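What follows is subunit A paired twice: with subunit B in the first complex and subunit C in the second.
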Partner chain A sequence: MKFRVERDVLAEAVAWAARSLPARPPAPVLAGLLLKASAGTLSLSGFDYEVSARVEVEADVEDEGTVLVSGRLLADISRSLPNRPVELSTDGVRVNVVCGSSRFTLHTLPVDEYPALPAMPEASGSVPGDVFAAAVAQVAIAAGRDDTLPVLTGVRIEIEGDTVTLAATDRYRFAVREFLWKPEVSDMSAVALVPAKTLLDTAKSLTSGDTVSLALAGSGGGEGLIGFEGAGRRTTTRLLEGDLPKYRTLFPTEFSAVAVIETAPFVEAVKRVALVAERNTPVRLTFEQDVLTLEAGSSDDAQATERLDARLEGDDISIAFNPTFLLDGLSAIDSPVAQLSFTTHTKPALLSGRPAIDAEANEAYRYLIMPVRLSG
Partner chain B sequence: MPTILHLDMDAFYASVEQAAKPSLRGKAVIVGGLGPRGVVATASYEARRSGVHSAMAMGMARRLCPNAAFLVPRFPVYRQVSEVVMAVLRSVSPLVEPLSLDEAFVDLEAGPHGALLDLQGQEPTALATARVTAMVLALAEDLRADIGRATGLTASVGVASSKMLAKIASEQAKPDGLLLVEPGREHQVLDPLPVRALPGVGPATAEHLRRAGIATVAEAAAAGKAELVRLLGKAQGAAVASMAAGRDDRPVVADRETKSVSVEDTFEVDLADRTRVLREIDRLAESCVRRLRAAGKSGRTVVVKVRRFDFSTLTRSETLRAPTDDPAVVLEIARRLMDAVDTTGGVRLLGVGVTGLADFTQEDLFAHVVEAKGDAERPGGPVAGAPGPEGQGAVAGAPPGEERDAAGAAGESSLAREPAAAEAQRRWLPGQDVRHVEFGPGWVQGSGVGRVTVRFETPWSPPGRVRTFLVDDPALEQGPPLPLTGPDGPDPEPHGGGPGPRSGAVSGT
Partner chain C sequence: MTVWDDVVGQQRVVDQLSAAALAAGALITADPAEARPDSSAMTHAWLFTGPPGSGRATAARAFAAALQCVSPDRALGAAPGCGFCEGCHTTLVGTHADVEVVRTDLLTIGVKDTRDLVRRSSLTPAGGRWQVIVLEDADRLTEGAGNVLLKAVEEPAPRTVWLLCAPSLEDVLPTIRSRCRALVLRTPPAEAIADTLVRRDGVDPQMAAFAARAAHGHIGRARRLATDEGARTRREEVLRIPQMVSDIGGCLKAAQQLVDSAVEDARQVAEGTDAKETEELRAALGASGAGSRLPRGTAGVLKDLQDRQKRRATRTQRDTLDRALIDLAGFYRDVLAVQVGAATELCNAELRPTIDRFAASSTPEHTLRRIEAVLDCRRALDRNVAPLLALEAMTVSLRAA
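For the complex of A and B:
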C-alpha cells in the first residue's frame, strides 16, 4: 500500500476517526485505526464495539491496500507534522510515514484480527447539520450522567413522519425538542435511545456538512444501531436498551401562573444569588405583582437576594429550584425571553423560550423542571 | 467558675428494668444481647460486684454472675425515660448536649440562673466563689431530685469549669452522687488519674504513653507539649497536652448537627438466603428513611454496610445528584448496591444509611407521577428499578411491563413466606412485655421446651407471682411497655441501684 495525502486532510480525518477509539481497548487490535487505500480514496475507520466511525478522503493512491496502525500514535503524529504532503507506505509489517524531512516508522497490527465494522443501516431521512446539532445540545443537557441507571443516560429519538422528537431526563428535569426533517418514507415511525454523550459528540462533529442523514435500523438487519452520515463521515452507535418513562402526561397542560422574564438579566441574577448556594442548595423564586425576587442561602450562612422585573399572569407563587438545573434550562432555551409556567410550588414548572416579550412561546423546545421542597 | 454540668444516669438500662420489674429490685440485672454473639449493654450495680461490666461478652457475664436476670433491651422505654430526663435538664438551661440516652452536658450559665452564677466583673474573691459554688451545688442537688421524682431513677452529676472535668467528676460521684470541682482544685482531681481518663486517649494511646513512662495525667502534664507532640503527633499531642494541663475550652453544643442517619442490625444466625437478605435491606431502608424524615432531613448519599460470615465488612455507596427523602428512591439504591455484594457465605450484619444531609429535597419527576396516580405503579421500569429475583439485568434493560412483573413476583414470594416465618418467630424474649387475658400485664422471665414463664407485676405493684404457659397459649400476647411512674403520676421515692445518696465537693484542706 502506498498513497499521498494533504497533511490537513489527513490530520482532520485521523482525529475524527480516532475519536471513538477506547483509552483502554478490550482487545489490542481495537486500539488500531484501519486505513484502506483504493482508487483515489483513503478510508479510515475506528471501532470500540459501541461506536464505529468511518471517514473517506481524497488521496493520491499508488498501491491499493489495507493496514491497521495505532490510532492514538497516528493521530499524535499527523497533528504534529509540518504542512506538506504526507506519504504513507507499507514495508513488510511496518508502515513508513514521510512528510518533508520527517520520517516515522510504525508497527502494524494484524488486519485479519480486526472485527468487521457494523453495516451502516439504510438512511431514514436527513436534516440540516446545524439544526440537528443545536437540537441535540438542547436535549442532552437534561440527560443523566450516572451509569447506574443506563436508560437515563440516553437521548430518545422518536420519528413520526416528518417530525423528529428528541427527549432526555435525569429524573429531575425533562427536555423535549421537536424539529422537522426529510424522511425517506413519509409514514415512517421509529424510536431509538442513543447514549447522550456519543450523540452530542457526533452531532457536533457532523456540522461541517450541509445535511446529516440519520439511519435507524428497523427490525431487519443492523438492529440495535443508529447511523449518522454527513460530509464523508459515517458513524454508527449501539443503542441503549429500554426506553424512557412515558413523559407526555408529565408535562402539565393547565397552569395557575405564567411568568415572562428577560433571559439575560435572569441568568445573571441567578448566577449571582447562587454564589451563596453552596453545593446546589436551592434558589427561591418569588413572583409577586410583576416583581421577581430571587433568594439563596440560609440565615446560618451567607444570604443573597435580588429583584428583577417580570411579567406575571395568574396567581403569585414562590418556588425553589436547584440553580444548576435552572441555569441549564435558561441556556438551553436559547431565546431572549424566558417563559416559566407553574401549577403549584410542589409540581414541575415548564420553561420555554419566547423570541420577544409579547411573542408567543416557542413550543418546539420545552424544559420541565422539578422544584426543590424545603424541609420543615 | 464551675458551671458545666455532666449528668449520667446510674446503670441506666438496668435501673429502668429494676424500676419496671419490682421483683428485680436489689438483684443483679444484666441487659444486653442474649444470643451467642450478644454483649452486655448495662449491668446493675449488684451485677457489677461480680465483675460484670458493659461491652463484656454475654457468655462471660453468664459465667461470672449466673444468678442475674438476663434481659433484652427495651429501647422504646429507655427513649421515653431519656426524653423525660432531657426535659428536666432543659428546664435549667437551654444549652443541653445529649451524648447518649443516659448522658448529657449542661451549660448552667446559659440558663435562667446564669446571671446569678456570673461574678459580673467582680474579683473572684473567696467569698464570691463560695457563694457561686454553693448555688451550683444546690442547683445540681435539685436537678437530681427532680430527675428522681420524674423518673424514679438515680443520676450522678459532676460540675466543673470544663466538660472534661465535669465528666470525670460525675464518674467519681457514681453511683447516685454529686461532685463539684471547686475552682483552683482542678489539678487535685485530675493529676492522679490515669491518662485514659482524658478525652481522646484510648487503649492504644495509653499504651504508647505508658512505654514512654507516662501513666498519669500529672506525668503527661509534666512531660509537656513538645514531648507529647513527638510521641503522639501534632494534633493529638497538642490536644492531650492541653487537656492534661486542665485546659478544655470545648463549648456545650445543643442540637449537635446530624451528619448521617443509619440503621443496622446484627442477626442471630448468619443470613444466607438472598431473598431474605434483600427483604432485610428493604426493612432497614424504610426504617432509615423514617428516621431521616423524623429529623426533618434529606440526603444525597445512600450507604449499605455488610458484614459477612468471616467478619469482612464492606460498605457500598451511591451519591445522587440531589438530596432526597423519598423511601422509594433510597430503597431502589440500597437494593442496587446490594446487587454488587456477594453474600453467598452468609451475612451477620446489614445496615442502610443516608449521608450528605440537607434540609431540602429535590423532587423526582417520576415519584411525583406516582403520587398523582395514587398508585404504586411507577412509570418506566428503570426508575422504579426494583430488581427482579434474577438480578440487576432487569433494572437497566427490561421494558416497563416486564420490570413490574418481576418486582411483583418478588413481592409475592416474600409475602407468601411471611406467615410461616412469623409463626416460627413467636419467641418470648426475657424481659419482654406481655399481657395475659386473665392475669394482666407482666414480663417474660424465661422460655424453653415449649413453655414460657411470665411474672405478673407492674412498675407500681409489689413483686408479683410467676406462672408458666405453653408458648402458643392464645391467652398470652405481647403487651405495651408500661410507664415507670405508675398510673397515678410520678413516683415520689426514687429506687435506683446502688447504695444510698451521697454528695460532696472536693474542697480545700
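For the complex of A and C:
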C-alpha cells in the first residue's frame, strides 16, 4: 500500500476516527485504526465493538491495500507533522510515514484478527447537523444511567413521515423533542432505541457537516443498527433491544394552572435555594397570585426561601421537585421564558419554553417532570 | 479443520451444539413473512458443566464460533463452524465484535462486573447474527452478581445467547440453573486425548498415551505434560513424595519442595505468556520495541494488564499446587486399586514396582486415610490457608497414616 495525502486532511481524519477507539481496548487489535486505500480515496475506521467510525478522504493512491496501525500513535504523529504532503507506505510488517524531512516507522497489527466492521445501513433521510445535535442534547439529559435497566439508558428515535421524535426517560422525567427532516421515502415509519451516551457523542461529532443523514437497518428482529453520516464521516452504533413505555398518554393535555417564569432568574433562584436541600430532598414551589415562593430545607436543619415574580393562570398550587431534575429541564428548554403547566401537586408537571413572556409555548420540546410527594 | 476439533471426546455434546447452531442459522436466514422454522434445538441460555479440563470453555467458544460462522459453504448445506471464515476465526482468536468472553483471574465475579454485562446483553448484535456472552467462570459469580443477571439470562434480547460454564450444576445459583439448558461434558477418555495430542500437537504416540493417562482427563494438563519436559520432571518429583515422608524431616522437606515447584511453575507460565501479551499490547498502543516510551495517556492500560498478570500468577500457583495434589491422590488411588485388586487401568503404570511395594506394605485403610489427607489439604488451600502450612500438615499425616 502506498498513498499521498495532505497533512491537514490526514490529521483531521485520524483525529476524528481515533476518537471512537476504546481507551481500554478489550483486545489489542481494537486499539488499531484500519487504513484502506483504494482508487483515489483513503478510508480510516475504528471500532470498539459497539460504535464504529469510518471517515473517507481523498488521497493520491499509488498502491491499493489495507493496513492496521496503532490509532493513538498515528493520531499523535499526524497532529504534529509539518504542513507538507504526507506519504504513507507499507514495508513488510512496517508502515513508513514520510512528511517533508521527517520520517516515522510504525509497527502494523494483524489485519486478519480485526473484527468485521458492521455494514452501514442505507440512508433513510437527512437533517441539519446543528438541529440534530441540539435536539439530541435536549433529550439525552433525561435518559437513565442505571445499566441494570438498559432500556431506559436509550433515546428512542421515532420516524413518522417527515417528523422525527426523540424521547428519553429515567422514570422521574420524560423529555420529548420533535423536529422535521427530509426522509428518502415520504411515508417512512421506523423506531429505534439508541444508547444515549453514544448518540450524544455522535451527534456532537457530526456538527461540522451541513447535514447529517440517518440510516436505520430493518427495525425489529434484532438486526438493528443505526448509522449516521455527515461530511464523509460515518458511524454506526448498536441499538438497544426493547422499547420505552408508551408515553403519549403520560403527557397531560388539560391543566388546572399554567405558570410563566423568566428562565434565568428562576434557574439562579433554584440553584441558591437548593444549596440547603440535602441529597434527595426537594425544592418546594408555591405559586400564589403572581408570586412564586421557593423553599428548601426542613425546620430541623438549614432553610432557604426566595420570592420571584411569576405569572400564574389558574388555581394556586404548591408542588415540590428534585432540584437537579428541575434544573436539567430548565437548561434543556433553551428559552428565555419557562412555562410550567400543572394538574395537581401529585401529578407530573409539564415544562416547555417560550420565546417571550407573551408568546405561545414552543411545543417542539416538552419535559415532563414528576413531583416529589410531600408528607403532611 | 472445524471449530469442533478442539472439543475432545464429547461427540454427544458436539452433535447437540451443531444441531443448535444449524437451527440458529435457520432462524437468521428465515424469511420473516413465512412461518418460523423449528428452533427447538436452539435456546438463549446454555450451561456447560463438566469436570475441570473437560473443555467447557473450549466447547462454549466453539459453539460461539459456529453461531457466528459466515462460511459461503453454508448456503450449500455445510454445517456451521467451518473454522476458516471471518466469523469463526475472529471468535476463536477472541476479537469478534459480538462474542464477549468473561473470565476472571480473581476468586469471584462481583456485582459491578455483571452490571455492564446486563447492559451489553440488551444491545443488538453488530454483525447482524447473534450476540454471544460466554461466562467462563459462572461458578465464581457471587450471589449478588447472580441475582443481577437473573432477568437478563431469563429473557435476553431476541438475538442474545448466554453460555455459562461451571464445574457442576450445583455450583450455579438454582435460579440461574433453572433458566439455562444444561449440557454435561464428560471426562474425555484417555484415548481421545492421546489421539488429539498426536493429531494436533504432533506428539509421539507413546508420550501422548502417557500424558493422557497421567493427566486424569484434563486436556490442557495432558498437552503440557506431553510437550513440556519441566512439567514432567515436576510431576515425577511430586510422585516421589510418598517415599520421602518416612520421617518428620522428610515430610517438611517434601512440603517445601512442593511449594517451590509451584512458584517455579507459575513463573515459567508467566514468562511465556506475560511477555507476549505485554508486547502485543504495547505494539497496539503504538510503542515499538521493548523499553521505548508509550504514547501519552496509555500507561494506565498497561498497568491494568500488569495487575491482571500478577493476579494470574497467584492463581497459577494455586492451580499448580492443586494439580500436584491431584497427582498425589492419583498415586494413592493406584495403590488402593492394587490393594483391593480392582481391574482398572493405573494412572501411573510406569511406577508399577513402587506402587506394588506400597500396596504390600500398607493396608487399604491406610491408603484411604492418606487420600483423605490429600483431599483435606486441597480443601484447606481452597480456604486460603498458607500453602506451606497446609502442605506440611498433609505430609505429616501421610506419614502418620
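Please note the rule applied: the second predicted complex is superposed on the first by the 358 of 376 C-alpha atoms of A that agree within 3 Å, B and C clash if a C-alpha of one lies under 4 Å from a C-alpha of the other, contacts with A are read in each partner's own complex, and residues count from 1 in each chain.
One rule holds in what follows: a contact is a pair of C-beta atoms (placed from the backbone, for glycine too) under 8 Å apart; a residue touches a chain by one contact, two chains touch by 3 or more.
Values in this document were obtained by computation on a predicted structure and should not be read as measured data.
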> Looking at the overlay, what does A:225 touch: subunit B (first), subunit C (second), both, or neither?
Replying inline: second
> Who wins on subunit A residues touched, subunit B or subunit C?
Replying inline: C
> Is A:242 in contact with subunit B, with subunit C, with both, or with neither (first, second, both, neither)?
Replying inline: both
>> Just checking: does A:151 make contact with subunit B only, subunit C only, both, or neither of them? Give me first, second, both or neither.
In response: both
>> A:30 in the overlay: touching subunit B, subunit C, both, or neither? Say first, second, both or neither.
In response: second
>> Just checking: does A:348 make contact with subunit B only, subunit C only, both, or neither of them? Give me first, second, both or neither.
In response: first
> Can A:274 be said to touch subunit B (first), subunit C (second), both, or neither?
Replying inline: neither
> For A:142, is the partner it touches subunit B (first), subunit C (second), both, or none of the two (neither)?
Replying inline: neither
> First (subunit B), second (subunit C), both or neither: which does A:169 touch?
Replying inline: first
> Between subunit B (first) and subunit C (second), which does A:50 come into contact with in this model arrangement: first, second, both, or neither?
Replying inline: second
>> Per the definitions at the top, what is the overlap between the subunit A residues touching subunit B and those touching subunit C?
In response: 148, 150-151, 241-242
> Which of the residues in subunit A end up touching subunit B in this complex?
Replying inline: 146, 148-152, 169-174, 241-246, 249-250, 279-282, 320, 322, 346-348, 368, 370-376
>> Can you tell me which positions in subunit B touch subunit A when the two form their complex?
In response: 296-298, 318, 321-322, 325, 333, 336, 358-366, 368-369, 378-383, 385, 395-400
> Of all residues in subunit C, which touch subunit A in the complex?
Replying inline: 32, 86-87, 89-90, 93-98, 100, 115-116, 118-119, 121-128, 148, 157-160, 280-281, 283-288, 295-298, 300-301, 304
> If you look only at subunit A, which of its residues touch subunit C in the complex?
Replying inline: 23-32, 47, 49-50, 52, 69-74, 76, 105-107, 109, 112-116, 118-119, 147-148, 150-151, 153, 195, 217, 221-225, 236, 238-242
